[in-house]
Amino acid sequence: MKQNSRLATEIAGIKMKTPVMTASGTFGFGEEFSEFVDLNQIGAIVVKGTTLKPRSGNTGVRIAETPSGMLNCIGLENPGIEYFLTDILPRISHYDAPIIVNISGSSVEEYGILAKKLDIPEIAAIELNISCPNVKEGGIIFGTDPLSAAAVVKEAKKNTKKPVIAKLSPNVTDIVVMAKAVEEAGADVISMINTLLGMAININSWKPVLGNVTGGLSGPAVKPIALRMVWQVAQAVHIPIIGMGGIMKAEDAIEFFLAGASAVAVGTANFVNPSAAEDVAKGIIKYLEKKNVEHISQLVGQLKCN
Amino acid sequence: MPKIAMDVVVLENKHLSDDVKELIVYAPDIAKQAMPGQFVHLKVIKSEPLLRRPISIASVDEAKGTLSLIYRIVGKGTAAIADLKAENQVNCLGPLGHGFDLTCKRPLLIGGGMGIAPLIFLAQRLCPATTSILMGGRNKAELFWQKRYEGLVNEIFITTDDGSLGVKGFTVTLLPELLKTKQYDRIFVCGPEIMMAGVAKIAQSHGVACQVSLEKHMACGLGACLSCTCESKDGSKRKKVCKDGPVFWAQEVF
Amino acid sequence: MKQNSRLATEIAGIKMKTPVMTASGTFGFGEEFSEFVDLNQIGAIVVKGTTLKPRSGNTGVRIAETPSGMLNCIGLENPGIEYFLTDILPRISHYDAPIIVNISGSSVEEYGILAKKLDIPEIAAIELNISCPNVKEGGIIFGTDPLSAAAVVKEAKKNTKKPVIAKLSPNVTDIVVMAKAVEEAGADVISMINTLLGMAININSWKPVLGNVTGGLSGPAVKPIALRMVWQVAQAVHIPIIGMGGIMKAEDAIEFFLAGASAVAVGTANFVNPSAAEDVAKGIIKYLEKKNVEHISQLVGQLKCN
Amino acid sequence: MPKIAMDVVVLENKHLSDDVKELIVYAPDIAKQAMPGQFVHLKVIKSEPLLRRPISIASVDEAKGTLSLIYRIVGKGTAAIADLKAENQVNCLGPLGHGFDLTCKRPLLIGGGMGIAPLIFLAQRLCPATTSILMGGRNKAELFWQKRYEGLVNEIFITTDDGSLGVKGFTVTLLPELLKTKQYDRIFVCGPEIMMAGVAKIAQSHGVACQVSLEKHMACGLGACLSCTCESKDGSKRKKVCKDGPVFWAQEVF
């Protein structure tokens, strides 16, 4: 894909060639997809959720397919921030795509420590995962209570000059309350949605399909919910939104832009089509050309509700 | 040697038994690169299953540019694959993973259930080594593989749970004797995990190097999603079955 | 379908030939399906949400298909309780299937008035819809706040001797809090889940697909979420649960029983297969026979989590 | 006359134009009961769209037991129908809804776009009445229907938006003149809502009874889900397009 002026996007100072990023946990550290996607051309690489200490994640079966979706209970397996910084980052920092690190802490302080360690030139932004449904400490606890969410954002902001992206959980009664809380606490960007908590049962063994019993639901099945939440939040906050949840093709992404997202991320789609991040961007260009829209930003929030 | 994801044409999709079929696809670029033990990740276009399905490469015809994939119909995904007809297309991502180490002279292949399929490709590539195979199944009906191994192996040993073919019992029942009487320098085992663990143990106690091929639920197949990792027993980091495997040295994982 | 002893079920005094009911709003008043389902044999007919006054529902497009699901914004169109009692009930009360009336009020008092009017022999139970995402007054407001939910249940219980079923909304942070609130308030049964709030956008017109902008998501897409919620609630309450959300076939229903539901309801499935309620029950019988399980109750909550 | 939901066999599925196809299915029980204006609700088995798709019955061959369904490919559901091949099965629920009132002697059929399809069946059943048809389309390419009406109608009038066939303009451009010069006792109109509303108005002002056929997004097709209701203009309750319609007297709904 050649660079296209219709797509160049900047949110909170993060300069991207396209507004199509990859969702944390679904694109590894980028390099796994280098044969399918030009890592110099995609919007941004959001790397797998990283923690202070290495984590081995959950045991047993970690994914299950569901109608138009999938459940995962990876449980934040990752090699830890130090290994990431010393062994992985040097391998990927030369790509043009900005690198955004998704972090999870088991306490407010841990988010601060992680944010500080990532306050380095190779990193474009920090995404706070306060919405992982698959770990007991941390994760979703912070993402379902506005005060805790705000505390995490404040602590991160205190410790880094990088743009801070707060990633919201959809497992809440009122997503707008959460969005406003992180905005007030100083988040530069909101990304949404993380997975919905779900479950599947093996009716032969009478056991849960997943090792961790429950897991996070992603993929096309959740798109209507994600889109609704992005739309609600877009009307309530003034910071940019990275929309995600079930984006498989350009048409899906365009719905998110119209609902109010300034950028989008593809997650589960990477597993089905490893070139998804590029294919979605290409499809958006075609759409903009057909519709005679000069720049993607002219779509953002343009949903006409009456 | 880049991995490829592309729509490939189905040439044939025929039953080998009631619930086992062989799919032959034209995929010359994958066929050229493929190594025994590697797999492809299949997505039936427009079909309901969202995710791909991993299937081992059962054999390759480089001249014709074809791959043979032998699979048991167990659920939605394999049922969708079973519905494919000649001239249909299917999206094929591969070749994925790391295959078997072929540096041996007198290998014994051990296969259980569908694990017998990828050993065909292995036996092809092991030629001209003097190869034997030990296959286990529940009953005679499951062990329709002999013809596939003709000309590829020197000896075929068979066990069945019910004694309807070969020796009654499991592969591990027969294995110690084989290891005592023959001079194998390598064991390659592919089958249910419990069987592979048993074989690995016996192999170790007889001092024969052993490779196993693991199966895990997979999403990406590329080492990115961490659906498929397993603990490593040699003190190193967790292994990604899709990328570091599916073939491992037994002591790495058991 | 002949009556089958494996399936005969009684919950909170509601005697049913099978534990497979039909979900409110998806089966009309039953009679619409009489050519496809033997209304003397199914578990129970839960009729379309009924209100005090007739309602004409929302304008514009009312349904949209989504991946493995659908959105609806019917908006509780119904002829009102009086018309139901005088014109519809006499046509359907002779069927063997118990009739359960799903009611929605715009105030706590309205639920009480409706409950009182339904305290008549032809009605087997009353289901409180405190979870309709498609109406402004009433509906979901009561279903996302435990105190309001409890108030509705108490008011209904005060006004009727019929078993009262509280229908929970999945659009909450913690479904267990809601379930406990309605249990404590005296609900005899919990039914769950109602639809998840979602949205779809037409990328040609830049308009919402649905006339009401947002709508309720149902169908297979939501099954993993529904199942998880039933499982969570089953461990927390002592009253029976009617499980629903994406049940298309017997296998889906069995997952709900294992998770802890004592009965199930089929909703969206009726639109795809008008014989769904009977087909699901038949499939359950086959499964029980194969597994040598004498009665469906022996499945309830039998999920083995370790 | 019970409604039926069953898997029926596809006999033919051929293009009538670039994006319009005709599907012929063998469904004798439905064919026997069907009335012009009724529709079937189709579910392509194992295909992705969850819900059924309503398609009008374009004609019936009772002797052969077949239904003809003529549809434009506009999205996923119709694309899945378009993929059907002879011998495939498709689940067919029908006949649904209420059809046209046939008690007239000198009817004028008015069709726009795909609304021209169900009027074929209507013209068949109106015989031996002296029937005329007025069809409108965007251009000549859209109006490939004349042959289907040969022998069924006495006169064919055509309008196109661009004048590439017949009179340039819309059906409503031509209608007043037709009503003035000919003695129609009934108008049946099927097409875009705006066109039907226009026709209804003109019909009323000329005192000709008019029936219209509405289209709404439908889930159940059986009158249960209330996806498809519309306001009624004659003071009665809201109408269910799937059950009370799709055919209405114009004054009921416009």
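Per-chain residue numbering starts at 1, and chain names A, B, C and D are given in the order in which the chains are listed.
Just so we're on the same page, a contact is a pair of C-beta atoms (placed from the backbone, for glycine too) under 8 Å apart; a residue touches a chain by one contact, two chains touch by 3 or more.
This is a predicted model, so every value here is computed, not measured.
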- Quickly list, by label, the chains bordering both subunit A and subunit C. none
- Query: What whole-number Å value describes the gap between the mean CA coordinates of subunit B and subunit C?
  - Reply: 47
- Task: Let me have the rounded angstrom distance from the C-alpha centre of subunit B over to the C-alpha centre of subunit D, please.
- Result: 56
- Could you give the separation in Å between the centres of subunit C and subunit D, each centre being the mean of its C-alpha atoms? 36
- Touching two or more other chains in subunit D are residues 48
- Residues of subunit C touching 2+ other chains? 67-69, 219-220
- Task: Name the graph shape formed by the protein chains and their touching pairs; answer line, ring, star, complete or other.
- Result: ring
- Query: Looking at the whole structure, which two-chain pairs count as touching?
  - Reply: A-B, A-C, B-D, C-D
- Note: in the complex, subunit C contacts subunit A through residues 66-69, 71, 144, 171-174, 196-201, 203, 205-208, 213-214, 217, 219-225, 227-228, 231, 246, 251, 254-255, 258-259, 287, 302-305
- Note on the structure: Per the touch rule, the subunit C residues reaching subunit D in their complex are 25-29, 32-33, 35-36, 48, 56-57, 61-65, 67-70, 72, 74, 77, 79, 219-220, 268, 270-275
- Which residues of subunit D touch subunit B in the complex? 46-48
- Query: How about subunit D: which of its residues touch subunit C in the complex?
  - Reply: 2-3, 5, 43, 48-52, 76-77, 93, 217-229, 231, 237-238, 243
